[in-house]
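Read through the structures below before going on.
First chain A sits with chain B, and in the next complex the same chain sits with chain C.
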Partner chain A sequence: MPDRRRAKEIVFQAVVAILTFSTIAPLLHIIFSVFVEGLPVLIKGGISFLTDTLAPPSDGLGGIGPAIVGTFVLIALSSLMGLPIALMTGIYSAEYPRSIIGRAAKILLQIMMEFPTILVGLFVMELLVIPMGSYSALAGAFALAVIMMPYVAISTEEALKEIPRSYREAAFSLGLSRAQVVFRVLIKMAKRGTLTGILVGMAKVAGETAPLLFTAGGSERIYFRGLNRPIGAIPLLIYQLVQQPYDNYHQIAWGASLLLMLIFLGIFIPTRLLLREVKF
Partner chain B sequence: MKGVARSGISRVPIVILTLALVMLVVLSIHLGKREGANREEGGEIVLVGSGATFPQPQIEKWIDLYTKRNPGVKIEYTGKGSGGGQNDFKNGLVDFACSDPPLKEDLWRELEQKGQPLQFPVIIGAVSIVYNLPGVDNLRLSKGALVAIFLGKIEYWDDPMIKELNPKASLPHKKIIVVHRSDSSGTTAIFTTYLSIISEEWREKVGAGKVIDWPVDKLGRGLGGKGNQGVAAIIKQNPNSIGYVEFAYSINENLQTAFIENRDGNFVAPSPETIKSAISRVSANVPPPTEGYKEKLEQFLEAPGENSYPIIAFSHMIVWGEYSPDKAEVIKDFITWVLMEGQKDENIMTGYVGLPEEVAEIGLSAIEIIKPKP
Partner chain C sequence: MNSLEIINLNVYYGNRHVIKGINLKIPQKVVFAIIGPSGSGKSTLLRAINRLIELDEDAKVEGDVRLFKKSIYEMDPREVRRRIGMVFQQPNPFPHMSIYDNVALGPRLNKLVRNKEELDYLVEWALKKAALWDEVKDRLGDLASKLSGGQQQRLCIARALALKPDVLLLDEPTSALDPVSTAKIENLLLELKKSYTVVIVTHRIQQAARIGDYTAFLLDGKLVEVGDTAQIFVNPKDRRTEAYITGRFG
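This part shows the complex of A and B:
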């Protein structure tokens, strides 16, 4: 009997291990192939790949400078728009979990998190792009802010809620006002969770394509020209390039993919490291 | 106490906010500078266009050549499909748009509420019939055979109808896989319009459009691919398949291309010569730029001429009759360059065909109409 049980145990473990591996295999494959295809492009292109503008079809590698700058501008700008609101929303729903607004916010944020991003893009197009009469960095960043906010708000809220009640009581007993308790004591303790949310949000929007299609407009030959003008982004550029039948465009797209992955991992890996140690 | 409380505030969001704010300030200064520069004599002028993906590589090439010669001008073109370009143009988001199909009359009337739209051809394209039959080059297809394949009436490659046309080829006894576009596509519209012209049965049973119900799908022998790229990839991966892609793709992807029976009964493959031959016979059908909506796809398909390739189409540029004074000058100069210098063989990408002079004239007549806004 024990033998059969052990055999079952082994079979079960083996099945789980295989399934786990097949779940992460695509990720490994993506990382591997992006490196294999992208690295030679980056090496061949050198520094000018990071600074030049787009090459004409079947004529060299050129560079993806405007898209890189665009991606960073969009991340910064969307953080500027989204983070303050999202942090406040998270604090509010953690502080007043039973109020109607607090409860509604929680549910709506979760819906927002899973909301099809292309619809966000369409919404911003109607709201900003058409009235302004141009695709713009502002509109792109706004769409990304909408996508970033629920991640930040929810993780802020959860981080605040995880703080044991006794700390809050201790803070109040020092005679601090509610605002002081939240902003001077609790936020500091919830720093890791909040920061994780912020970085996950940033990493998420760094790789978004769909919300930018109708808002940012794209710009591959012209560097950043102002908030009210079209702007490029790396994912948008990749999407444009792979649709064309030119070998050099596909190569540029691989190089851009590798850069995008490095930016994404550069934001994401520190996040995971932060998450590992939780202390109060 | 105060000191302790201060250090209690999380610094991270504040640091990020500060950084972002600093960046915003820098950006606004930059923005102010740019607008200042625009007003100055010889400042940088920016033109923005969007639309069809078919002419995109050619337009990128023109932009590259033109802006190298004119450093004060920057031009950006985004490929998002003919429909996307038409919408952008209507909403005033771009200075010019490109569209493969000519504009429809209702959109034209809507545009006329805002100003005078002008439409003219900038480049010629063709639809290639491509296939994957190892060892069988120069496949010949009559109109009847082509329609029968896409209707699904011919099931095997060694069908007598195909064999008769290709007596020397070793056609396999394999089922024909028909590959078509799965997305809404101007290429599909051109190809199905052509099939409707050459076959009454196709016109009645299937019809023409950007998206259609492919009879072969119901027979289980149809495959859909997204974009020309998708169709080309499926054909490369599947021996015994046949499909249609834009000429540029059949050339650049090195696909086997079929010879199609033309109006005069000769078998021709797409090439600059056969496409030009067809255009020269139908170019009189291009309407003046102010009446772009009068152009129809049908007018250019199945052109006469013994060496004419039957499935060709124009890709168009759409511009306004009025621009701000600085832009008017630049857009006129750019379009003139595209229609004169740009049409020379050395400036045309492989897979595209330049306009014959009489068609380029139509665009040049549009230039005359463009005026600076008073």
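This part shows the complex of A and C:
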């Protein structure tokens, strides 16, 4: 009998191990193939792959400069629009958790976080692109801001709530106003959690494609020219290139994929390390 | 004149009635000890005295507390808290701030000083009053979290004193400390009562006997007995007081 129980145990463990592996296998495969296919492109393209504009069909690699600049411009712009609002939302729902707005915000933010991003793109198209008559950096950044905000708001709220009650009481006992308690004491204690949310939000929008389809418009051959003009982004460029029948475009797409992954991991890995340190 | 007068005070948390009709007069420049078993309402009473209880949305307060004859409910809560300082059970200096900034925060944000020299002077004064200056004067820029528990608690006392309060409330300030640190704080409180009214909640009966000029005994939200500490300990009028201080319950 004990032998049979032991055998069952081993089979169970093996099944769990196999299932676990098959869950993470796609991730490993993506990382592996992006490196194998993308690295030669980056080496062959050299620095000019980062700075040049898109090559003509079937004529070398050129570069993806406008898309790289576009991605960073979009991250910066969407942060500028989204972060202040998101931080205030997080602070509000942490400070007034029982209020109707506070409770509603919490639920709506959770929904927003899981919301299909393409619908965000459609919403911004209707709101900005159609009235303005053109795709624009502004519209792209706005769509990304909408996607970034719930991550930042929720992590800010959670970071503030993690602070032991006794520090809040201590701050209030010094005769401070609520604003002073929050902005001069608590938010600094919640710095790590808040920062983590901001970086996760940025990493998330750096990789988004769907919300940019109907808003940013893309720009492969011309660098950033203004808020009201179309703008490129690396994910958007990849999406456009793989649909083309040209071999060199597929290669460029692999190179762009590797760059995108490096940018994403460059934000994401330090964030995870930061996250582990959060404690009181 | 009494520094604090508590008049028919009732506190409710939702449906729970936690402070039941308490009347107390607390004279100036004394150590006033409040004793009682856990859950008797000691901490709640302190938080009603400096209106910190209003941070809790469930709490409802009836009755009055007067600070030098003026109702604290007619004052700005921020002014009440400035004039009635508080020290908590767990030492809670702000861990991300320096020793200096912990003391300087209150005066700075309440605009009690005009310039850096005045602030430096006030910080030094408060740290000396809290008997911590000699131990930290060479490392004011260090994080407060680097201090020992006893030092942190004295830093919290300095933080409260820096606002030049009239009254200092302490909620079991030594319960997390070792005997040496406890003795230091008790001596400090005896020193501080020369200029302040000190109200200390304690679950250690001996502490009340050692430092209290007056002692009040709370049980189940009610004031059972209040009087000279000597009288309370030697000749309690109520059987429940006697039972508590002789260790028969609590």
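Keep this in mind: the second predicted complex is superposed on the first by the 269 of 280 C-alpha atoms of A that agree within 3 Å, B and C clash if a C-alpha of one lies under 4 Å from a C-alpha of the other, contacts with A are read in each partner's own complex, and residues count from 1 in each chain.
In this text, a contact is a pair of C-beta atoms (placed from the backbone, for glycine too) under 8 Å apart; a residue touches a chain by one contact, two chains touch by 3 or more.
Because the structure is predicted, anything quoted here is derived from the model rather than measured.
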item	value
Which of chain B and chain C A:Lys8 touches, first, second, both or neither	neither
Which of chain B and chain C A:Ser173 touches, first, second, both or neither	second
First, second, both or neither for A:Pro230, with chain B first and chain C second	first
Contacts of A:Lys44 with chain B and chain C, given as first, second, both or neither	neither
Which superposed partner A:Arg184 touches (first chain B, second chain C, both, neither)	both
Between chain B and chain C, more extensive residue contact with chain A	B
Touching partner for A:His29 - first (chain B), second (chain C), both, neither	neither
Partner chain in contact with A:Arg272 - chain B first, chain C second, else both or neither	neither
Partner chain in contact with A:Arg103 - chain B first, chain C second, else both or neither	neither
Touching both chain B and chain C, residues of chain A	176, 180, 184-185, 188, 191
Residue numbers on chain A that touch chain C, as the complex places them	98, 164, 166-177, 180, 184-185, 188-189, 191, 280
Complex interface listing, chain B residues touching chain A	5-6, 8-10, 12-13, 16-17, 19-21, 23-24, 27-28, 30-31, 34-35, 46, 48, 50, 53, 56-57, 60-61, 63-65, 67, 74-76, 78-80, 91-93, 227-229, 232, 248-249, 252-253, 349-351
Chain C residues touching chain A - in the complex, by the definition given at the top	50, 52, 55, 57, 78-79, 81-82, 85-86, 88-90, 92, 94-96, 105-106, 109-110, 156, 159-160, 163
Chain B partner contacts - residues on chain A that touch it in the complex	54-59, 73, 76-77, 79-80, 83-84, 87, 129-130, 133-135, 176, 180, 183-185, 187-188, 190-191, 194-195, 198, 213, 217-222, 224-230, 240, 242-246
